[in-house]
Amino acid sequence: MKIRDNLDALIEKHPEIYEAYSRFGKAVHEQGGPLDERTRWLIKVATSAALGYPKAQLTHMTKALEAGCTPEELEHTILLVAPTAGFPRMMEAMERLREHLRSPEEIRP
Amino acid sequence: MKIRDNLDALIEKHPEIYEAYSRFGKAVHEQGGPLDERTRWLIKVATSAALGYPKAQLTHMTKALEAGCTPEELEHTILLVAPTAGFPRMMEAMERLREHLRSPEEIRP
Amino acid sequence: MKIRDNLDALIEKHPEIYEAYSRFGKAVHEQGGPLDERTRWLIKVATSAALGYPKAQLTHMTKALEAGCTPEELEHTILLVAPTAGFPRMMEAMERLREHLRSPEEIRP
Amino acid sequence: MKIRDNLDALIEKHPEIYEAYSRFGKAVHEQGGPLDERTRWLIKVATSAALGYPKAQLTHMTKALEAGCTPEELEHTILLVAPTAGFPRMMEAMERLREHLRSPEEIRP
Amino acid sequence: MKIRDNLDALIEKHPEIYEAYSRFGKAVHEQGGPLDERTRWLIKVATSAALGYPKAQLTHMTKALEAGCTPEELEHTILLVAPTAGFPRMMEAMERLREHLRSPEEIRP
Amino acid sequence: MKIRDNLDALIEKHPEIYEAYSRFGKAVHEQGGPLDERTRWLIKVATSAALGYPKAQLTHMTKALEAGCTPEELEHTILLVAPTAGFPRMMEAMERLREHLRSPEEIRP
């Protein structure tokens, strides 16, 4: 799988960089404030959807589902991005959600 | 206040456009899925923060606070944007949060 | 066809959201001012080209051609984006125009 | 005036770069296709509005008005950007139009 | 090859536009200041990586390698983009570097 | 000074997040590859210039000058961004360079 390949290559070649990045992400996630796990991942889905990053969105959707978010909550999250980010960016994100729900084991990073 | 001025001018000159936009925003917000009011506004704060829209972020933060979100939850939301959007974009959004909390009545749109 | 699939899924699942969005787009298009139909679509082609949204650009190009714009006018529109948006963004949009003109019935959304 | 200052400094220090850039802009503008002068500038207004470049938008609006476009046409152009680029980006551009029309001689680059 | 196809089509149809663009790029490159050839191309790799332009990045990487930059220098350049542009944008650029190094003759524009 | 204020507030309130971010930046900078200190900072200037982050660009320019880069090298770096990112983005970055060189002690973060 492509996301893993690229990440694995980074981890193999630059373990200290990936480690430092992971710690930064973790610090923000766990020590940045009081939001619960589900809300955290929905916010990250909104972020990657708004910015148009397909692979980050896949990772964030997977994590959100693992944290107990429902497909309907993911869909609501993506729809909420539309007025601010514009319709096309939302539609691209929505397509990725639909593909992910159709074949999670194939696409799951 | 600048945000209101610009919005008022639009509403006055193009009421049907603003009306249609509001309905779209409302449809997405209320009929887009099951997320509660607080989470909806946090997601919108994340969106405007990630995209770097100062005035939209002010509106979203005001609405989030009115919906019962705490300043700490807004801060957590903005911090969560950093790994995906990059540090400078998060810092710009954080500065707007801090200024908003310092003088809500002045800046509040 | 992918654009239609994604749009159809939205329309089926969230008819009221798509309806509200369509009204907003229509209000802006028809009541936003005096520009004629052809100019409106060229402006939308410029917008989706400048922002790098492939599917929106396909829709806008199709509508522009239906409104009577020539391929040369679409090309001119896209070229005009280059100095402001940078060369790569223009070239991506130009490639989509070329592919669209080669096989309109296949790609046409 | 700031736009001129910055441009003058570039022209003074790197005349050959500005000259080359101007030729590129001119080639795109005049030899890129059949669009008339007014439409060309509206397309450039749409581009700088969609991308959020305040100074480029000022230049493009000034040129559009000089080419005979009306304020209503500029307004329509900017409104048409909204569904694709999102509401906040359009509103920022609309505010710049309004300020420009209020005090053209002050802001005019 | 796609990059060449698209570029060739532009050159064939609008030689004067491509010529003007090339001169602009050359003026910036050769007369813009004292940086040596290798550094110039690394800066262009950073630019296309930060902005997420796959084809421009391929061109810039090819030129950087031709100018004597090592794969390790390209990798360092792309990694340096991460804190400012965010992790996903860097990872996309890194994947393009890896693919380019694996099969340069296939992908090389 | 605004940059410091905002950064100081983050450091005071979330020392562990800033610490983790700094380590990530340092890992990328020092362990990401063989580029020398001067080239690293020029690449970061190109990145913040291309993405339009004023405060990050100030930090990167300050560090680049401290590392021994000349104003002419910074200017060349920013000019090189223009063909890929578009003229307006480069001009905004150039204005920040000029202001920084005029009054380094005032603006220096």
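Going in written order, the chains are labelled A, B, C, D, E and F, and every chain counts its residues from 1.
By definition in this document, a contact is a pair of C-beta atoms (placed from the backbone, for glycine too) under 8 Å apart; a residue touches a chain by one contact, two chains touch by 3 or more.
From a predicted model like this one, the values you see are computed outputs, not experimental measurements.
Novice: If we look at chain C and chain F, which chains touch each of them?
Specialist: Correct list: A, B, D, E.
Novice: State the pair with the higher C-beta contact count; candidates are B-E and D-E.
Specialist: Answer by contact count: D-E.
Novice: Using CA atoms for the superposition, what rotation angle relates chain D to chain F, in steps of 5 degrees?
Specialist: Fitting chain D to chain F on C-alpha atoms yields 120 degrees.
Novice: Given that chain B and chain D are copies of one sequence and touch, is their interface built from the same residue numbers on both sides (over half shared) or different ones?
Specialist: Because under half of the interface numbers appear in both copies, chain D and chain B meet with different residues.
Novice: State, to the nearest whole Å, the distance from the C-alpha centre of chain E to the C-alpha centre of chain F.
Specialist: Computed value for the inter-centroid distance: 21 Å.
Novice: Please tell me the distance, in whole Å, between the geometric centres of chain A and chain C computed from their C-alpha atoms.
Specialist: The computed centroid separation for chain A versus chain C comes out at 28 Å.
Novice: Scan chain E for residues touching two or more other chains and write them down.
Specialist: Only 14, 17, 21, 24-25, 28, 32, 48, 51, 53, 56, 75, 79, 82-89 qualify.
Novice: If you connect every pair of chains that touch, what shape comes out? Choose line, ring, star, complete or other.
Specialist: Shape of the chain contacts: complete, all pairs touching.
Novice: So in the complex, which bits of chain D are touching chain C?
Specialist: 21, 24-25, 28-29, 32-35, 39-40, 42-44, 46-48, 50-51, 53, 56, 70, 72-73, 75-77, 79-85
Novice: Along chain B, where are the residues that touch chain C in the complex?
Specialist: Residues 14, 16-17, 19-21, 23-24, 26-28, 31-32.
Novice: For the complex, give me every residue of chain E touching chain B.
Specialist: 83-89
Novice: In the complex of these two chains, what residues of chain B are touching chain F?
Specialist: 75, 79, 82, 86-89, 91-92, 94-95, 98
Novice: Under the definition above, what is the set of chain C residues touching chain A in their complex?
Specialist: 2, 6-7, 9-10, 13-14, 17, 21, 25, 48, 51, 53, 55-56
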